[in-house]
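Below you will find the structure I want to go over with you.
We call the chains A, B, C and D, going by the order they appear; numbering starts again at 1 in every chain.
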Amino acid sequence: MTSERAPEPVTAAANPPLQPLASNLLPSDVIRVSATSDVPAPERHLTEVAKLIDVSKCIGCKACQSACIEWNDTHPDIEENVGVYENPHDLTPDMFTLMRFTEYENPVTNEFEWLIRKDGCMHCADPGCLKACPAPGAIVQYSNGIVDFISDNCIGCGYCIAGCPFNIPRVSKTAHVSKKCTLCSDRVAVGQGPACAKACPTKAISFGTKEAMVELASERVEDLKSRGYDHAGLYDPQGVGGTHVMYVLHHADQPSLYAGLPDDPQISPVVRGWKGPAKTVGLAVAGLAAAGAVLHGIFARPNEVTAHEEGEAEDLVEDHDQRHGDREA
Amino acid sequence: MTEERVYSAPGDKIETKHPVTVNRYRGYTRLNHWVTAACMIVLLISGLSLFHPSLFFLTDIFGGGQTTRWLHPIVGLVLVASFLLLFAQMWKLNLPRREDVEWSRKIGDLLQGNEENLPELGKYNAGQKVVFWGMSGLIVVLVTTGVMIWEQYFPHLVSIPARRIAVAVHSLAAIFTILIFIVHVYAAIWTRGTIRAMTRGTVTGGWAFRHHRKWLRELAGRQRSDPSK
Amino acid sequence: MTNAWTDIKNTDLVIVMGGNAAEAHPCGFKWVTEAKHHRGARLIVVDPRFNRTASVADVYAPIRPGSDIAFLMGVIRYCIENDKVQWDYVKNYTNATYLVNDAFGWAEGLFTGYDEAKRDYDRTSWEYQMNEDGTVKTDPTLTDPRCVWNLLKEQVATYTPEFVENLCGTPRERYLKICEMIGATSARDKVMTSLYALGWTQHSKGAQNIRGMAMLQLILGNVGLPGGGVNALRGHANIQGLTDIGLLSHTLPGYMNLPTEKEIDYTTYMSTRGNKPLIPDQTSYWQNTPKFMVSFLKAMWGDAATRENDWGFDWLPKLDVAYYDILRMFDMMSRGEVNLYFCQGFNPLLSFPNRAKLTQALSKLKLLVTIDPLQTETGHFWEDHGIYNEVEPSKIMTEVLELPSTCFAEDEGATVNSGRWLQWHWPGATPPGDAKHDTWIMANIFLRVRELYRKEGGVCPEPILNLAWDYEDPYEPEAAELAKEMNGRALQTLYDPKDPAKVLVEAGKLLPNFGVMRDDGSTMSGCWIYAGSWTEEGNMMARRDNSDPGDIGTFLNWTFAWPANRRILYNRASCDLQGKPWDEARKLIEWNGERWQGFDVPDIAVTAKPETVMPFIMTAEGTARLFSRKLLRDGPFPTHMEPFESPVENPFNAKLRGNPVARIFPDDLAQLGTSADYPFVGTSYRLTEHFHYWTKHNRVNAVLQPEFFVEISEELAAERGITKGGRVRVWSARGEIWAKAVVTKRIRPLICNGKPVHVVGIPLHWGFMGAARKGFGPNSLTPFVGDANIDTPEFKAFLVNIEPAAEEGASA
Amino acid sequence: MNIDLSRRSFLKLAGAGAAATTIGALGFGAAEAATAAHVRAFKLTSMTETRNVCTYCSVACGILMYSKGDLAAGEKAELIHIEGDADHPTNRGTLCPKGAALKDFVKSETRATKPRHRAPGADTWQDISWEDAFDKIARAIKDDRDQNFIEKNAAGVTVNRWLTMGFLAASGGTNETGWLTYKAVRSLGVLGFDNQARV
């Protein structure tokens, strides 16, 4: 094979290759697979990538939504206006990313702020969706940090919804598979950045190695602090092991201001319990019970009716007959 | 006039006297039971296949994960309907009675084969009652939580945190259901002569005498009023 | 734009006022966020609404629609009061020192010479004091009370912070904070850029709004500098190009004017266009007008244009009024005075004011032809669409032809961006169905008309029969042929005037630049400012070298910018009098002792001596005008005027309604409302999800913003019992619309003179064709009146009323 | 490797090769390996790329159009995708929500695709051939111009204007279209001539 392997992407600001390039996302780059425990250790570790969303640069133009729809060939419904700027009104199986708008009156500065956040999959290092997923191979995580849904293996149960700390996956009513941002894994595979990051007019969305994005974020945080946002900071929540989609927030001390971005997201203990101990212990208990029954069956004497008892029964029935007869007589 | 039934259900009667065979379950009750049982088995297999990855291969029985995901809740509803019918027929005789306490206390004797030490019982012993009420309760829990996590038709019924609890409770309830199911099946097997009650509908007099004497007594006492005579 | 999109990265302060750059020009706005990120630039937004641009602003201030002049004059007053003036710039590069005619004055909101009956000024007194040799009297000490600077000081004295607060509704501390930030850019090493768009033009005094900012920028010394300028963010992809080429009622290509009927011949026409410098040694580039004019006429009529027939001057139509702008045409149409109307890629039914009048006007046409890639509302104006277009087709006798044309993806050619870059593009898709190129359609129409004249004769056939049409395939002229025609060719070999032996351009060759043009018929050029765009070296508009040696955003080898590939206009002003950059760190060009050089094409003759030749080469003064003489109809300085429909009286003169010299037709005057009936201020605008009336045809954009809505404050909603997402009826003296209500904190009542003024925001993207839900536009409500100088309709400030409405279909 | 392989089949081969080797190396089930490699195929491979400029606003972003079929080579070309041109100095590959959905404009269901005629008083369109449409227009122009053209004003000055016809030109079109339109319209003596500069 002489085909050139596509490079790993370092930016979204690049033009797509037209020459065929072999994918840089190999099966062997998968480090986690849903409902699969024996994923072999990868031979190489890809450079972790990340999308950095700087809400202080975001103008809420929805170019990311537009680019996402076009790249992924989805068909969201034409809805109606319900008195807000969000359209569609929520993430849908056909809308992997959504601008959420919050009108906030800052009690400290008395300034009005229009907080706009691009919502979508965070590509957690410890993905709750993957943990919750019962279908082997329906959710995979690559060593570059991308968490991807593989529709062919998805059974549409919606467990990923329960597993996700960010309320992201949506199950299609028609295809019955769960959908969310892929971080444009097909673009990343040929060295390109995600469509939304490329499109973003104000570069509020950047894409590159996670290291570079963290560095860029610190540059931005410094700028924001110079503008009086003392609590500006990076949102890379460690509760889920960090994310491969991160935010620069002016109010990093209050993420929930931004349309309910979780302050301290983590995989719910309930989900951990359900997918951790409950899964093992439950199965073990059931297995033990079954085994116990079998063993008991084999080794213990069965509870058998004796011929004597059959006789007793006959007597008893006879007896009753007579007594009834007596009474009648 | 008919004497009041205390320990037996309508349809329970002495079938033959020599030897004694006793009608324990009528035809439709047996059908009802087996429909419920079939549903339960499908639910257990499909549920288990989605519960633990090592059992996911079981989805192949139903034609894959998608079908399994679709089938499981539908069968669950069938089970609920079917079980409701069973429940209507059985709940009264499964109400606890004083002798259940003593019976439970002496359950060791039962396992050691000293059943004669146990008190006389009606149609159901305390173990069967536990299975009955356990199943009833668990099915309520399962159907409730099941609907809460039924993505296809009720995606927004409850909040996501509630859904997480629901899915965990559903799993736990399923484990308990499995345990009860095992107890139920195993008891039926271990207690010889039981299964025919749900196949042929009858048990031997000796079986009735040994395990449910009060029930046998009542039936024996009711012979006269039996319209077949 | 004086500057370019990419140049915004060089700024220290951005003021977005009279526009909404983030929303309407997101990718250009990127250079604002880049400046913020990499230079620490600050962003000020002044707008009636807290819009998407405001969402990333450092300071936002609300302003009552239509009060921008007061705000800007107030800032100028602040700068003068607080010595925030770039004095070297003002004294040398503006007309601040020039003395003005003693008769000129201003009182009660009016300048001298007002004639109420004519709704016009006699502008005689709006002029400099002249020396006998025809040059201007000046006072470099700025002590003469009649110098422009002192008159300006007097003019802006009224605009105190209190006055501004009361008139504009802008809270004082916020206003003063903005003044302070703006004033700081008077420093030599600080630059502000102004980004504006239709938020300033669509007023009855639009031109004066922009002058206000231009004057402020001159006072701060910010024009001509990287990161500075007065930047009109143009709307359509090629609005700049079509304006350059003169597709307007009264213009010729390259910003020359069509003759009026007073200009009875070529000589008379040229007699007022001598443009003799008013200050010795100045460039006054318009002195070259005859060269550009003759070259244009030769492009039009080729060999038929001769010196003997004044180069075909008579074949140009002559104006009897200032112009036949869209308002005048539709007014004439409504009176049955127009028979044929063509809409090529234009949807007037949604884009002109007073839709009821438009429908009535279109119904009186004999023939309407639309040439458009889309099925437009205008082409379908006769269709009954219920409340969205309530007409009776059987009563409309207009014949309509809908001709399908291609779009950008299917055609080839250049479009001119806001920064004057001519960028070539190539087709990559087969046109759908039977859609054809506009050029093919126009050629077929023209050639058929010409054939009829050839066969049948008729009235004045010469301009048609003689029109140059030397295309290889006359029915499908190639983009390259047309581009070369605009660039121009030498018709005879051109020799260097200084050295007759030296050949500059051989006969038949493309012109390298407009400097070689002649007024003797030896050159032709369709649009002189495009000379250099397609030369013997090839198509300069197709160049794709994106290197930027000075890292100052000029990209000289990327496509072509007019004029002469210059990226920043007036760039000579980026240097001090001696030719050194005001800010060494922001060097664009500089004088090296012999010539101008640097990272841009100097906007001055390369050997023009810095202390002699001033930067503003297009004016006869060589300087920029703080006092604009007679050039604008409504005053040499901006003065505050209320919109024609306003809840507030003109504080200078309660009798004045709107711009006292703006033209308004009698029927339309009768259709103006007052705040007694229409208490709220309506204003129109675009949303970022849509482009005018095009993208409602697109599924994706319809998804992103599906349905027509209006925006109101929580206070107004409470006052009128309107709920978020509920349906409302909005009406003006001219019509009514129904919409969903977006109730928001982003609009607040403005407190003017102690009283609240409520604003109703009305976006403009919906109609009755396309993929999005059917809806309305603001033009059902807006008044049929325009700017006094160029008649841009007053879309940004008018009066409306609003109430909750029943759901569609339900009875109210 | 056979150099005559088309890009598409070349890619397929390359993909298959990569998958095969990896399955062996990893030793997990073939199904799972196939699963893990399930990244959507890059949809632009083997498309024709054309450089263009966004048709909407005056920022004039550089765009790349991807089509099936090469128009320059005389083939029929179907537009598949549009994205920003990262080489363009202004937009650097970015696009706004309109630009990013340009393909939907080109392929809009409400594009005009054939000439249509609406007769006076009619409530429907009728199809019309280009020939007939042009004849109708040319006749209308000729007749109206001959009837209403003003050669001289009251003072006897040659004014050569025609006021009963108006023309709105497209600011979305090219310079070249604009220039051809300018020539044709001005030569007729039309003064009611405008573009979107004011709106």
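Here, contacts are C-beta pairs under 8 Å (C-beta built on N, C-alpha and C of every residue); 3 or more make two chains touch, one makes a residue touch a chain.
What you are looking at is a predicted structure, and each value in this text was computed from that prediction instead of being measured.
Chemist: Following contacts chain by chain, what is the lowest number of steps it takes to reach chain D starting at chain B?
Modeler: Step count on the best path from chain B to chain D: 2.
Chemist: Whose C-alpha centre lies nearest the centre of all protein C-alpha atoms?
Modeler: D
Chemist: Sort the other chains by how far their Cα centres are from that of chain C and give me the top one.
Modeler: B
Chemist: Where the centres are mean C-alpha positions, what is the separation of chain A from chain B, in Å?
Modeler: Centres of chain A and chain B (C-alpha means) sit 39 Å apart.
Chemist: Go ahead and note the Å separation of the Cα centroids belonging to chain B and chain C.
Modeler: For chain B versus chain C, the centre distance works out to 83 Å.
Chemist: When the centre of a chain is set as the mean of its C-alpha atoms, what distance in Å lies between chain A and chain C?
Modeler: That gives a centre separation of 50 Å.
Chemist: What parts of chain A, by residue number, touch at least two of the other chains?
Modeler: 36, 61-63, 65-66, 69-70, 136, 153, 201-203
Chemist: Give me the residues of chain D that touch two or more other chains.
Modeler: In chain D, residues 49, 66, 82, 84, 87, 91-92, 94-101, 104 touch at least two other chains, as defined above.
Chemist: Send over the residues of chain B in touch with two or more other chains.
Modeler: none
Chemist: Okay, what are all the chain pairs that touch?
Modeler: Here the touching chain pairs work out to A-B, A-C, A-D, C-D.
Chemist: Which part of chain A faces chain D closely enough to touch in the complex?
Modeler: 1-3, 12-23, 25-28, 30, 33, 36, 38-40, 43, 61-63, 65-67, 69-71, 136-137, 140, 148, 150, 152-153, 182, 185-187, 189-190, 195, 198-203
Chemist: Chain C touches which residues of chain A in the complex?
Modeler: Interface residues on chain A, with respect to chain C: 56-63, 65-66, 69-70, 75-85, 87-88, 95, 103, 105, 112-114, 116, 201-204, 219-220, 223, 226-227.
Chemist: Touching chain A in the complex: which residues of chain C?
Modeler: It comes out as residues 22-23, 26-27, 29-30, 32-34, 36-37, 40, 42, 50, 52-56, 58, 60, 688-689, 699-709, 723-726, 740-746, 771-773.
Chemist: Quick one: which bits of chain A touch chain B in the complex? Just the residue numbers, please.
Modeler: Touch residues, chain A against chain B: 35-37, 132, 134-136, 153-159, 161-162, 164, 167, 171, 176, 268, 270-271, 273-274, 278-279, 282-283, 285-286, 289-290, 293, 296-297, 300-314, 316-321, 324, 328.
Chemist: Help me check something: in the complex, which residues belonging to chain D touch chain C?
Modeler: Residue list for chain D touching chain C: 48-62, 65-67, 69, 71-72, 76-79, 82, 84, 87-92, 94-102, 104-123, 125, 128, 130, 133-142, 144-146, 148-149, 151, 153, 155, 157-199.
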